[in-house]
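Input: structures, listed below.
Across the two complexes that follow, subunit A remains constant while its partner is subunit B and subsequently subunit C.
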Partner chain A sequence: MTEQTQAVENSSSSNGTSISQIIMGVLGHFVVKRFLFFIFVVWLASTVIFIIPRLSGQDPVKEKLLLEAQRGGAMQTGLDEMAKSYQKRFGLDQPLWVQYTNFLKDLAKLNLGVSIAFFPRTVNDIVFESLMWTLGLMGTVTILAFILGTLAGAILGWPRRPGWLQYVFMPLLTLSAIPQYLLGMILIFIFAFKLGWFPLFGGYSPATVPELTLSFVVDVVKHAILPAFAIIFSSIGFWAIGMRGMMINTQGEDYMIQADAKGLKGSRIFIRYAVRNALLPQVTGLALVLGTIITGQVLVERVFSYPGVGDILFQAIRLSDFFVIRGIVIVIVLGIAGATFLLDVLYPLLDPRIRVRNS
Partner chain B sequence: MTENIAPQIQQDLARGGWGQFNEERVTPIKKYALRNPSLIVGLVLLFGMLFLVGIGHVLYDTEQFRPLSAPTRLGPTLSHELRDGTTAAFPFGTDTQGRDLMAVAILGTPLTLRIGLIAGAVAIGLGTVAAFLAAYYRGVVDGAIRSVVDVGLAMPALLILILVRINIGRELSTDELGIAIGLTSWVFPARTIRSQVLVMREQAYVELSRLSGTSGMGIIFKEMLPNLIPYITASLVGSVAGAILASIGLEAIGLGNLSDPTLGMTIYWNIQFSSITLGMWWWWLPPLAAIVIVFVSLFLISSGLDEWSNPRLRKRV
Partner chain C sequence: MVQPTIEETRLSTEQAIQTYRTDARISDVDALVVKDFSVHYETDAGTVKACENVSFTLKQGERFALVGESGSGKTTLAMGLMRLTRPPGHIANGSVMLNGRDVTDLSDEEMRKTRLSELALVPQGAMNSLNPVMRIERQIIDGIIDHLDDDAPTPSKDELNETVRDLLIRVGLRPGVARLYPHELSGGMKQRVAMAIGISLRPNLIIADEPTSALDVVVQRQIMQTLGRLQEGLDASIMLVGHDMGLVAQFADTIGVMYAGKLVEVGPVEEVFSDPKHPYTKLLIRSLPSLQEKREFLGIPGLPPRLIDLPNSCAFSDRCPSRFEKCGESIPQTINLGGRRETACHLYEGEGQS
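Coming up: the complex of A and B.
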């Protein structure tokens, strides 16, 4: 075995495979290409995030500190320490390019800085804690809505469906035109305020402490039901519309006619031929939506006072906590660019046509 | 003799006038409306609401949209006795800060639509120009526009708007808000229109036009743009809906103009004063209904336009 590999290595080196050729080969590989593009997008986006505050000629840190100093009170004590920490950490008196490279260095280490309003808590700490809530609820619900909506769309786009089904789905599609947070407000009014079946707001009851007990889990689930339904109801239609369009597009294809001519069972044609092919763009959509769930649901979280990223973002805007806002933006950019990268890498596994083109 | 001809001519004239118009114009529209009801229902819904708002503008005193101009926390009533003894009607009630919610609804609905239209027009305008530059000239131009679009798609417009708005440090007027939303949301239309242009570029009639010596601009304006108008119109409706959603989102998290009575700001005040737990349903119901009508009608219009621009869907709607 070792002899063999040695022989291969010898032969390849005798053939004159230089290091530069290997490097070119690696760079030419599509996974590496996509990864470099991912880095490029994140870099460009962070540069934009870095430049925007400089363009306005305002210093959010200084303004916030001044504001707090004027207000006085509890914030006064930490002020000097805070200002020093910022000067040391960000080198705000240093030339712009030094600030820029420092910013990029911190970013490479995934260090998002320190909160202004909740000093000395770090942005990483704050964002991570709220991310758990957002991903836990919104991630689950988005995937659930995707499955239900895609199924609904597949049946809607199938010519041999029962005729009455279109009357069931039309209201659902119209429901999808209503923004999720407005649906949330209606649900709160009916099921929390009028009927009192579910809590009015929050991720868990204010009196409880987050811990891993059965009663706490039940409490969390109870709080999650209304926001979950708001999102599921309003996004099923979105997935159904896309899937229905793709199902209709498969109808005229040669492979569908062939499957029919072969006398295959309707259910087999439906699943293996129509749905299998119509699903691909849906998966693309899912990856893109999963990347945006953090922002997409800001207002749902706001309406329900759910302790996720959206609520933190709202608090940060209210307290003009610039570094928390910037941190959330960076996390979201990473999320979307990362989802796109993963999709690009995984897509050939789903679509053989892409696999052929890449090799 | 002439007396006999006259009725005939009159009849002909009648048929050539309204009668012919009826046959040539109205009947096809009627037929189309029957086949594509969502477009018509959407348009009727949207313009019906705007009509009601217009009537309100003429007949109702909208000056009381400002805080403290009416009694506070008043349910819908047609005769409320004011302190000076006179009675006043508040059909939609008033809010915690003393706004007449009828006036807010009448002023806010067109204001929000205006933001959407400005933003949609800016986004589709920029997007179309970028798409044609990229798809028609290819090469470096295409590469540059594509990377801008890819980066733009990775950065949610709402977040860029939040960053910009925080750093500007002052309130934007509604028109500025519309322009800002448009400037951050042109990348998606640019991408979809570009792929349409790319497909069209390879079509035989474009090839023929190029071979017969039509200039690049000539091909774009005479051959491609007319064929893309249905698609661009459908994208515009989508962009307007997206922009309204973004504007309401920005306003609801407190980044709107606090003195404007837009639908989004009304939602903001509702959340801020938790009107639902106060039981003040008349406060959140009108803006919510208006937003739902706007989105449902835009959704119906856009799916109707889709049917128009994509003949493949036509068979099975």
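Coming up: the complex of A and C.
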């Protein structure tokens, strides 16, 4: 065995490292590989998003104008000219491939275009603003639910836990069976409508101006509490059930019996042997969920009229605001692909078995 | 490490039986005294007596092999001795004297400290008895740290690394293995790591539960040689659980044959192989394949009984060629046939001093 390693060392040191080798080495590195894959996925998804609406053969601008004209009962003469001028403005009169390259160029600059319904606001502006609300609420809540749920599942799946603990956690598991929007409505009815402890809707009170003052922060937190609880209560159970199942699986592993046979302390076996191994699939789940939270919980945000991405997406679909929908879908793609990329890069740190060797 | 030649590794069972260990240093001190030890599993269908009234004694420095077919209670017994039986299993009765203390009377915390320091398990390491997400060094160190006295200072990192290095060299691995993860090792290497963990606190009894299963014959032999060398170095006793009769014959001093949860025959290995007493042992040895003569493969007809609601008769009576009336009437008691030979069979009643 030692002879072999020596032979390998000799062969690698005798060849000088050239620039092409370094380039190949960089391209060969799995982080770079994963990043290139990430770019590929984003490109593929945006191309699909670009093509699909054009396959419908409909003209969004004309449709929109027609709709408005009908609503207003106005004369339809001059509509074609109007549509043409708008199409020119949105660049829809150019050949398809020019539109496509422009679209990709804008995308590379992270410019998602201009909204039709909220003209002249840019899609970037709209999506970014709603993203802050969604990420602020959903990001915090998802991670909180993950931590609490995983902890609950770990303790529930540990045979040496105190027996009474199961009575504390079981109601939480029952709550997870209730859909989030329904739980949201129940919470609104009880705590906002009947008791009046919390506001009925919105991200902040209509009368206040968004600024960084204590009263505004308190106002935002007050508005966030009910949606947060609706989501936390229903997803704690999800994480707890998954973790509990993995903990029970882990109990049957040979290394758990061996950990006992080694006479290790119970706390060490729990954390370093049982939880450490049971956590691996949970982390995969978390990364995937974090990728999708950018979409927001459309229904929950609707129920609470929370100004997040979910609410904006709902409005954009209702107003057939083509560019905003496209922008949000691209942000979703970026979110999911980004989370997958992050998972690919971080997961080997958690599980040495899939650590990729660059030799 | 001394590599055995191909000829050496290809010993047939018959030849293996001829190569008994002759230079054993067995003292007169009792290392382990097991008396009427029973492990039962409570199930909805009834009580499964996986291990029933087992008694045997192990001297310091002795190698004791426990053989029997699958489900005969070998592993149940081994796990029971370490008090690692999991619910619904429990130790029903009996005592296990280890270094003058009854293991069954210890508190959970005392038992935890006894494991590894006095009584170590070498599992089937080739499978996955090592934590997949932890480096080898950490898995060795964990056991050492959790057995420090409460007021003892934690050893420095250098001291621990030195200990790990030492242990790995003693089991025939290069020290670099310490930094690796289990999946980077071969089956034989993992088994060696399992042995390194087992001897890390110099126990005086090692329980080796089929340490060579899932390994090929060449590696099997190397592993058994290493295990024997380590045992002699520590002057420890060893209890080997297995079902490879050839391997057992070469390795052990004393053999215990289990059938349906009971120890049916105990004796020095060469005496049991040359003159088996219990009909089950006789059939077992007769069924071993031979290289010298070509003959029909002989198995033991029938199946072992279900361990739920065993009848009040000899458990082997249905399959026994030497069966007579008494076998169906009562459970045979263990009879001492002189020296260290014991058997539980009605045929020998009156011969020995019970």
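Points worth noting:
Keep in mind that, in the parts below, the second predicted complex is superposed on the first by the 306 of 359 C-alpha atoms of A that agree within 3 Å, B and C clash if a C-alpha of one lies under 4 Å from a C-alpha of the other, contacts with A are read in each partner's own complex, and residues count from 1 in each chain.
Just so it is clear, a contact is a pair of C-beta atoms (placed from the backbone, for glycine too) under 8 Å apart; a residue touches a chain by one contact, two chains touch by 3 or more.
Since the structure is predicted, the reported quantities are computational estimates derived from the model, not experimental observations.
In the superposed model, A:Tyr273 makes contact with subunit C only, not with subunit B.
Of the two partner chains placed around the shared chain by superposition, subunit C is the only one that A:Ile257 touches, whereas subunit B remains out of contact.
Touch counts on subunit A: comparing subunit C and subunit B, the chain ahead is B. In the superposition on chain A, A:Lys265 makes contact with subunit C only, while subunit B stays out of contact range.
When the shared chain is aligned, subunit B comes close enough to touch A:Pro179, but subunit C does not. In the superposed model, A:Leu319 makes contact with neither subunit B nor subunit C.
Once the two complexes are overlaid on the shared chain, A:Ile143 sits clear of subunit B and of subunit C alike. 159 are the residues of subunit A that lie in the contact sets of both subunit B and subunit C, per the superposition on chain A. Within the complex, the subunit B residues that touch subunit A are 147, 150-151, 153-156, 158-160, 162-164, 166-169, 245, 248-249, 252-255, 267, 270-271, 276-277, 279, 281, 284, 288, 291-292, 295-296, 298-300, 303, 312-313, 316.
Of all the residues in subunit A, the ones that touch subunit B in their complex are 37, 40-42, 44-45, 48-49, 52-53, 55-56, 58, 60, 63, 159, 173-174, 176-179, 181-182, 185-186, 188-189, 193, 200, 241, 245, 248-249, 252, 291-292, 295, 298-299, 302-303, 313-314, 317-318, 320, 322, 325-326, 328-329, 332-333, 336-337, 340. Those residues of subunit A whose C-beta lies close enough to touch subunit C in the complex are 1-2, 159, 253-255, 257-265, 268, 272-273, 276-277, 280, 350-353.
If you check the complex, the residues on subunit C that touch subunit A are 79, 82, 84, 87, 112-117, 120-121, 123-124, 127-134, 142-143, 146-147, 174, 181, 183, 194, 197.
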